[in-house]
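Chains here go by letter, A, B and C, matching the order in which they are written, and residues are numbered from 1 within each.
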Amino acid sequence: MLAPEDEETEASSSTAQPAIELRGVTVARAGRPVWRGANVTIEQGEFVAVLGPNGSGKSTLLDLLLGLLDPAEGSVSVLGGSPGRGEQIGYLPQRHAFDQTTRIRGVDIVRLGLDGTRFGLPLPWQNAHRKKVDGAIDVVGASAYARRPIGECSGGEQQRLLIARTLIGSPKLLLLDEPLDSLDLPNQSSVSALVDRIRRERHMTVLLVAHDVNPLLPYLDRVIYIAGGRVLAGRPEEVITSETLSDLYDSPIEVLHTSDGRLVVVGLPEAPAHHHDRHAHP
Amino acid sequence: MLAQDFIRLALIAGTPIAVAGGALGYFTVLRSQVFAGETLSHVAFTGALAAAAIGIDLRFGLFAATIVAALLLAALGEKAMSNDVAIGTLLAWVLGLGALFLDLFNRSANGGNGAIAARTLFGSIFGLSTSDAELAAIIGGAVVVVLALIARPLLYATIDPKVAAASGLPIAALSAGFLALVAVDAALTTQAIGALLMLGLIAIPAGAAHRLTANAYLALALSSLFALASLWLGVILAYEIPSIPPSTAIIAVAATIYVYAFVAPRRKHTISADDGSGVGITQLG
Amino acid sequence: MNPALPWNLVKDVQQLFVYPFMVNAIEAGTTVALMAAVTGWFVVLRRQTFAAHSLSAMSFPGASGAALAGAPLPVGYFLACVIAAGAIATGSRTGNRRNPSQQSAVIGAVQVVGFALGFLFLSLYGGVLENLESLLFGSFLGITTGQVRELLGVAFGTLVFFAIAGRPLLTVSLDEVDARARGAPVRMLEIAFLLVLGLAVAATAQITGVLLVFALLVAPAAAAREFTARIGVGIALSVVIGLLVTWVGLGLSYYTNYSVGFFVTSLAFGVYLVSRASHVLAHRREALGRFEAVRAAVS
């Protein structure tokens, strides 16, 4: 198979241990398996895209890493420990855009990324927070519109603000669930570039669920492809090939390379809701 | 029971109102325009009280207010109606205005014993004079006839507006006409069971019918049937147990039917209930 | 007791405090306005005005039922609204927010049943003629000191709730998935908020009447949110608007002897209109400014 199985170094220097490691993992929802036998190792600092058809279980992978779901089989380790939402993981869930009626400023939403779940009144003299908030907004380049109601910002602007919210806790691992989904092509490219730049500057590991790999291709170290109840991980040029995908989908798929370096996948079946029904492989 | 005049008049007036209301209600629920019914019920109250305060026949204000409001709703269209905060605030003001007219009326020469509020808000179906009942029956009957004529194109326009428009149906006119019919029926129903309970004959039987079947014509028939049953059974109930006001009795029957529709085993629909905008945050797999 | 309205504002205000019943009314109104404004800010944020509608309809049978049972009216208000809030909380997980058509049909049904029930209780109690108007449209004549104390207690409780849980509630309201992933007790907060909303509706209905709860619960908060998107400022502004609307409404009603509900709703609606207009104007100005900037850059 294609999942390079790096040896787990027992030396627990945090720079050497993988950011994410799945060994023989099967996950199930409502008693039915979503995908099985996943063996994936992601090193720290890598930029990874999670691809696959709708309903294949990409968000399930994120839930697993966040500790919101336990594996039915196998073991999972995240940043050397068990999965669970800690300060070290930044999570940007999939969501529809804030609409006009959400009259809350972007800067406040970013600030809530820091202390939003804490009970009690926010104290007005916490200036340290202010700096972190402004810093995160600066990093994503959203200073010009952070003080507008977020519902009035465009899709790309909203996404940048939400990324700032995710960054504000200085996480080591970023999990982004379909952040590019509702953006137009130019924004997809610029947000992808932004994520990559931040990743390199802060030495973060990034897992980004996407539908279309092309905006991310220039930056990707690894691809995790989930389909047909199976999980494949490897370099993009290894995973996104006609042979690999045909095998994964159990039907003829062709991957074409355009002259400007884009990948086009042809022959994908209409995404059924439950892949594991047609999955015959153990 | 039928020997009693007030019962007979109530049934004579109420029957076409209920049949029309049920059928109109079916379309109201189908077109997601229940809020329009709410609006009209508030406006009906205020319109009636305004007429009373001025010193003219209540029904004048009733019909004028509801029809004008309906045409405004038709003109403003869907977008304006989606802001429920704005609508709610506006409707609260409309009711507040009605409270002012109530005050004015109570203080005027005709100001009675305060029964007008109860009558307008909760109806007076047992208090109809012969001419009242006859007028209501005629108008109600006319609504039924008009609705029967436009039912099919209205259904078509509701389910598939683009195709319907392409085949020449005057969508805007149909929408406006529909709302006008609802307005007239709302005014009639207000006289029967009151502005606050009006939706009980218009939306509730229709809601029940919608739950029971996806077959349009069957649901339409059921809506009218349920509304009619609510009226008749309600009247009978109020007659047998005089301490129950008739409007309450009618609502009680309608609500019972509604609850039954929710509790009864559902038939499998081919069109499953929509669960929203399709943003699947946790995707099944 | 229909004093003419002299133009000396200070004297007019002083006059308001002469009669104990009026003092009670002002105290009760102030308390309720404060509580409603803060709660309302969250109601508008969470787009749960539908719940407010249903709950206010339920306060009517609550109050008239209490009268029928010989219990004090406030008990009826609070009990009915809290029970109804609990019912909404348990039922509301089934995508209630996503299917607006079905939702409005259900609200309509609930409201109608509530009104019918309330009317039934009132008829059985025999108090339709005397009580209907004040129950539905508000009245400040009969507020006892006991009632004032109760309202203060309830208001204090709700403000404490928001002081403690307001921030996580805000986070949950903005992005539920994110909040849950970060460990916020989403379900508990949602249920608690609905219960608090029930209390706020019950309290407000005692002042504005069952039908006009929106005027103090929703309108001030909605107006405030048009003026500002800031959180603390928005809540404070909501309170200020609510208080002003209540005080001026009470004062006008006292002097003109016309329905307090009319004045409160008209003032609330007026402020809301102004807020919407100012928002539109601010937008135009901003858009114009940007247009000018572009034009300057291009030329």
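The rule is short, and it goes like this: contacts are C-beta pairs under 8 Å (C-beta built on N, C-alpha and C of every residue); 3 or more make two chains touch, one makes a residue touch a chain.
Because the structure is predicted, anything quoted here is derived from the model rather than measured.
A.B. asks: Based on CA centres, what chain would you say lies at the far end from chain C?
C.D. replies: Relative to chain C, the chain with the farthest C-alpha centre is A.
A.B. asks: Closest chain to the protein's overall Cα mean, using per-chain Cα means, please.
C.D. replies: C
A.B. asks: Express in whole angstrom the distance between the two chain centres, defined as the mean CA positions of chain A and chain C.
C.D. replies: The answer is 42 Å.
A.B. asks: Between chain A and chain B, what is the gap in Å from one C-alpha centre to the other?
C.D. replies: 50
A.B. asks: I'd like to verify one number: the distance from the centre of chain B to the centre of chain C, where each centre is the average of its C-alpha atoms, in whole angstrom.
C.D. replies: Chain B and chain C have C-alpha centres separated by 27 Å.
A.B. asks: Mark out which residues of chain B touch at least two other chains, giving numbers and ranges.
C.D. replies: In chain B, 277, 281 touch at least two other chains.
A.B. asks: Of all the residues in chain A, which ones touch at least 2 other chains?
C.D. replies: In chain A, 93-95, 101 touch at least two other chains.
A.B. asks: Could you list which residues of chain C touch at least two other chains?
C.D. replies: 47, 177 - these are the residues of chain C that touch more than one other chain.
A.B. asks: Which residues, counting only chain C, touch chain A once they are in their complex?
C.D. replies: It comes out as residues 45, 47, 163-168, 170-171, 174-175, 177-184, 225-226, 229-231, 234.
A.B. asks: So in the complex, the part of chain C that touches chain B is made up of which residues?
C.D. replies: 44, 47, 49-50, 52-53, 95, 98-102, 104-106, 108-109, 111-113, 115-117, 119-120, 123-124, 128-130, 132-133, 136-137, 177, 209, 211-215, 218-219, 222, 258-259, 261-266, 268-269, 272, 276
A.B. asks: Per the contact definition, I'd like the list of chain B residues that touch chain C in the complex.
C.D. replies: The touching residues are 29, 32, 34-35, 37-38, 84-86, 88-93, 95-97, 99-100, 102-103, 113-115, 117-118, 121-122, 196-197, 199-200, 203-204, 206-207, 210, 243-245, 247-248, 251-252, 255, 258, 273-277, 281.
A.B. asks: What part of chain A is in contact with chain C in the complex they form?
C.D. replies: 66, 68, 85, 91-95, 101-105, 108-109, 112, 115-122, 148-149, 165
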